[in-house]
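In this document, chain identifiers A, B, C and D correspond to the written order of the chains, with residue numbering beginning at 1 in each.
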Amino acid sequence: MVPTNYYLILSAILFGLGTVAFVFKRNIITIFMAIELMLNAVNLAFVAFSQSLGKPDGEVFVLFVIVVAAAEAAVGLGIIILTARTRRSLNVERVDLLKL
Amino acid sequence: MPILDYLWIIPLLPLLGSALNGLFGKNWPNKVVNTVALGSTGLSFVLAIEAVREFFANGQQPFRREFVEWIVAGTFHAGFNLELDQLSVVMLLVVTGVGFLIHIYSTGYMAHEGGYYRFFSYLNLFMFFMLILVLAANFVLLFVGWEGVGLCSYLLVGFYFLRKSAADAGKKAFIVNRIGDFGFMLGMFLLFRTFHSLDFSAVFTQMATLPPEEMGQFGVLTIAALLLFVGATGKSAQIPLYVWLPDAMEGPTPVSALIHAATMVTAGVYVVARSHLLYTHAPSAMYVVAVVGCATAFFAATIGLVQSDIKKVLAYSTVSQLGYMFLGCGVGAFSAGIFHLMTHAFFKALLFLSAGSVIHAVGGEQDMWKMGGLASKIKVTFWCMLFGTIAIAGFPPFAAFFSKDAILFAAYNSEAGGKTLYAVGLLAAVLTSFYVFRLIWLTFFTEPRYDEHHVHVHESPKNMTVPLMILAFLSLTGGWFALPALFGGKDYFTDFLAPVLGSVEAAGTEGSASLEHTLSLVAVAAATAGLLVAWRMYTKGAKQGPSTGLHKVLYHKYYIDELYQAVVVSPLVWVSTNVLWKVIDVGFIDGIVNGVGTVSRAIGDTVRQTQSGNTRSYAVWVLVGAIVVFAIIFWPILHPALFGEVRP
Amino acid sequence: MSDFLTQYAYLIIPIIKVLILVVIVLTVDAYLTWIERKLIAHIQARWGPHRVGPHGLLQPLADGLKFIFKEDPLPSHVDKVTYFLAPFLALMLALTSLGVIPFGPQRFKVFGYETGIAIADVNISLLVLFAITALAVYGVALAGWASNSKYSLLGGLRSSAQMISYELALTLSVVGVLLLAGTFSLRDIIEHQDNGNLGLLGWNIFGFSKDGAGFTQVIGFLCFYIAAIAETNRIPFDLAEAESELVAGFHTEYASMKFAMFFIAEYTSMITISCLATILFFGGWLSPFPASWTFTYYVPSVVLIPLGLWVIFDGLRYETLLGRVVLPGVGTVLAVIGVALIVFPPVNDAIQGVFWFLAKVFTFLFIYVWMRGTLPRFRYDQLMSFGWKFLLPVSIANVVLTSAVVLWRMH
Amino acid sequence: MTGALVIFFALAALAVLGAISLIVQRHPIHSALSLIVVMVALAGLYLLMGAEFVAAVQIIVYGGAIMVLFIFVIMLLNAGEEERTNFSRLATFAGVPLALAVTGLIGAGIARSSASLPAPEPGGVLTSTRTLSTLLFSEFVYPFELTSFLILVAILGAIVLAQREN
């Protein structure tokens, strides 16, 4: 049997790595992926808790999180495409003006 | 429907007319404006008559009702409550009646002026506020009307606002009135603090139980009475605040007639009479009122002697007549004061309107030295004006004879220097009859002094002359209520007002009829004397001589305006320029405002640095926030770790 | 020895099964290419391969040799990792997806380890299958991107968009079946369709059932099959490798074994899809005849013996050694098996399920090829609008309809 | 060291390595692939915990839809290697340490708080699809409907964003 807090610590590590990527990377798409990574870490924690506490609610939350992530990806990638069209660059450090 | 239950309609109608004319009248033809203005005023006049009829039908029961709740703050309560008792009845009829007549007159007089709709809008507004003033059942509502008529007076005096003198006169009237109103407000506050209410009924019922304060000792009531009187002097142009009224003649003549002779300026008298209980409980204040009134009567009359502007003469005579009223009130003859108020409303309105007609005839000329010999040319005006003159001079059986006589009689009988007051009043009567007849002679007799080539004299149209005639009739008959008194009968007017003004008359009415007869004879003799002197001086075409000595002083109104200029105005201007503006406004207030601007800009400049637009640095800021949040959340879990104790 | 086996049976047996399955599948793939070429050739009135061995039967071997020995050029400026990863990914996923498919009803014990004719028999096998097919897109997309060529890139883009679009329809079209069966396990789904004497009427495609809670899944099946063809990038949805437009689409830059991997992956996924269609809609291993018709147990023999005899005589017409020896040999084997089935009833019973299963699967594979021979290719915008505006709504409608009927039937 | 632990550590290592590679890879496609690895590993962990449905959904939606979308966009925009600009000094110097601090905080908090939790039971009816769906349609039905609206809005938004205005 794997103790629950193994999972939790793993999710913490993944979340931290996600934050690192979030501040470290410069490519918009990659930063977006970092956010997805953090979401996944949270999902892991959810599932671990729900399994160890014997409540399925956590997994329902995970489903919701996944749905939200999907919607977010749709809109976010649309925005990214638009940005890339107008700014001709995917580097967030080059996209620092509200209007052109 | 019993109109009394809908008393609020009476003041509301003029407001409606004013709103209609003011908002839409700009593009309306004069006919429509007339219809609206006259319709509203006339209708309210009719309703007023109906209301009075019902009042009598109810056996003269004072009618009092709160129609709308207005201000409720803690113990303070002021409603929109109206009151109809004998006093208000008199005022109501005078205001609506004379006001209606003057409206009719104005349609002729203002026919060729610009801003026709504006004029009538203001005039109706004035009617509204005046009716509020006379119908109000508490000091607060009364004050609303009080201020409102002040506003309308300002607007109408400055009606020709393109003329600087007119604008200045308007401002002067307004500012001088502010001083009085300040006193009035203080008086109200004092009353509220004493009686915890401002309803007439409440205040006066409480007051009736109090003992009168000692002569010469100044208690709350005295001070309140004096403060109210200050307001009265402002509104009713008594010494020392009379200076605005002569300048107010800059306004159109109907305005002078309505506001500055018949109605508004008598508001002070009305207030004093309304709160007569207060004054009877403060004898010293009452004495002050008498003295001030008497002094004003004489003082203004002397100035009136030498003025050359026809309206100025009438203005000063108004001041002096108001003085008479206050004298009457001051000596306790409140009903006499009100009586004179009514008659004065008639004949002074008549005089002003006739003067307006004269000015109309000679094409806007107001200087009496440029008139003369008009009697034959404008007969109707002449006769009406003559009626008014005789009335004001106080010849029987004209109105002023009775009213002025009653006042002087009361003054004679009043204790504490009554004789002196009487003497001065009598002298003022002589002067009065002198300057009015001087006016008559200079205007209507002697050879013409205007050039016939340019000015072609013509009689005024019907809608101006008809009101003149009506007023002439009134100023003839207006005083006959008191006619029986002469023959030992009873004075109906006084009796009528007795329920309101109470048995105070006792002071005045006692004393035998014989004395009264003598006094009236003396008065008539005084009037005749004035008449003769005027005839003697002006009957054979007098020249406008070089003014010297006393004449010069009088002609310049004792240099009072200059005095005020030097003592009050210029110091004020100096202070506001050098202290309020240069120091406080520029240095202090602008300093604060600019300081706020500078500080916020500085803050913005520093904080702006974080808004680099660089997503990654934003991300770092998010991280910082996250760290704080996590630290707070996990603190209870983590802090045992600092002591190495592991929780189960 | 034996106790060692019993101890590690849970490791060894699956490995063995995987090996067997891979061998079979690879062979089937190889001969699938032969079948395809033959059929299309005949559809187009050609001979097709007939030089290598009788009826070109050895063509697949030749192709395999060619694939192995051909030079493997590496285009310049390719992203190496991805370029090599893509074909492996494709093949791996394709083969893995077969792992959860049950080919037969039997369950038996080996060294005390119970197992069945399936590598893994998990209770959410359908979900697993979808998960794996969902990942299948990466092979194509990455190949297209990695090989640094505009044709490949276009092919990759097209296939990724196409697969996302049609996966929705694919998944939704199955929901009807799930509603009827009430489980994710493929085995349970098949058994749910076993309605004894109803025979083929009990399959989901017809939707009769003993408890009367069934409902025909024709719409679902059509949606599923169209979407499935699109998922496998087959004509008429093969825009990822449209020869006439993009030389060879995503695998333009691939040669020899890596190209072969893509090929094998494609055919394997065809097999998977056919199995899936069989299981979900056509009753898997169930015989189309009522259970009471026991004589239908001889159908395999009735098929095999004539086939074997025909193969023998056909082989004897050849002059070549291969023709004279091999074909008769194969024919004899088939015939003997057929006879053996008659002789040994237990064996016959055992192979019934597998026989029907394979029969159905091969029918679907035949339909695949048939379509390729007949249908033209869609234009790209037609593909998209068809997927989003027609297929998806219809499959959703099917879900709503089915659930409504099921509810109504239950009450 | 039971088999479960072995599998756990294998998958955990895979996930962590994938996450790290997401950071160090310079080409977005490679980062995406690393992320897919992480997700698959997580799915494996879910299976290990017995959350089979979530595992399947994780792979189908995340791996099969979302990440495909990412790769599709990367290919569409033909994104090249990430350029190493350093316009934000803050992010360069403070960013990574702060991120590690966050990790430390959460890790410590969890480590100290969740030691007493019982270990998850693999499999079982607890999280069977039936239970989840019953819960989803009974207790969480309003959030569920809301998510459908959310998706609708997202679709519209994506269309509006991506279409060229002409």
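As a working rule, contacts are C-beta pairs under 8 Å (C-beta built on N, C-alpha and C of every residue); 3 or more make two chains touch, one makes a residue touch a chain.
Just so it is clear, the structure is predicted and the values come from calculations on it, not from any experiment.
Engineer: Which chains end up grouped together through touches if subunit D is skipped?
Structural biologist: A, B | C
Engineer: Of the chains present, which has its C-alpha mean closest to the combined C-alpha mean?
Structural biologist: Chain closest to the assembly's C-alpha mean: A.
Engineer: Roughly how far is subunit B from subunit D, centre to centre by C-alpha average, rounded to an integer in Å?
Structural biologist: Computed from C-alpha means, the inter-chain centre distance equals 85 Å.
Engineer: Please report how many Å separate the Cα centroid of subunit A from that of subunit C, as a whole number.
Structural biologist: Taking the mean C-alpha position of each chain, the two centres sit 36 Å apart.
Engineer: Averaging over Cα atoms per chain, report the distance between subunit C and subunit D in Å.
Structural biologist: Roughly 32 Å separates the two chain centres.
Engineer: What's the distance between the Cα centroids of subunit A and subunit B, rounded to whole Å?
Structural biologist: Distance between chain centres: 80 Å.
Engineer: If I count partner chains per residue in subunit A, which residues reach a count of at least 2?
Structural biologist: Residues 19, 22-23, 26, 93, 96 of subunit A touch two or more partner chains.
Engineer: What are the residue numbers in subunit D that touch two or more other chains?
Structural biologist: 53, 57, 65, 69, 74, 76, 87-88, 91, 95, 98-99, 102, 106 - these are the residues of subunit D that touch more than one other chain.
Engineer: Between which chains does touch occur?
Structural biologist: A-B, A-D, B-D, C-D
Engineer: List the residues on subunit B that touch subunit D in their complex, please.
Structural biologist: Residues 612, 614, 616-617, 619-620, 623-624, 626-627, 630-631, 633-634, 637-638, 640-641, 646-648.
Engineer: Residues of subunit C touching subunit D in their complex?
Structural biologist: 79, 81-82, 85, 122-124, 127-128, 130-131, 134-135, 137-138, 141-142, 144-145, 153, 156-157, 160-161, 163-164, 167, 171, 184
Engineer: Using the touch definition up top, name the residues of subunit D that touch subunit B in the complex.
Structural biologist: 87-88, 90-91, 94-95, 98-99, 101-102, 105-106, 108-109, 112-113, 116
Engineer: Taking the complex as given, what residues does subunit D use to touch subunit A?
Structural biologist: For subunit D paired with subunit A, touching residues are 2, 4-5, 8, 12, 15-16, 19-20, 22-23, 28, 31-32, 35, 38-39, 42, 45-46, 48-51, 53-54, 57-58, 61-62, 65-66, 69-70, 73-74, 76-77, 79, 82-88, 91, 95-96, 98-100, 102-104, 106-107, 110-111, 114-115, 117-121, 126-127, 131-132, 135-136, 139-140, 143, 147, 150-151, 153-155, 157-158, 160-162.
Engineer: Flag every residue of subunit D that touches subunit C in the complex, lowest number first.
Structural biologist: Listed in rising order, the residues are 27, 29-30, 33, 36, 43, 52-53, 56-57, 59-60, 63-65, 68-69, 71-72, 74-76, 78, 129.
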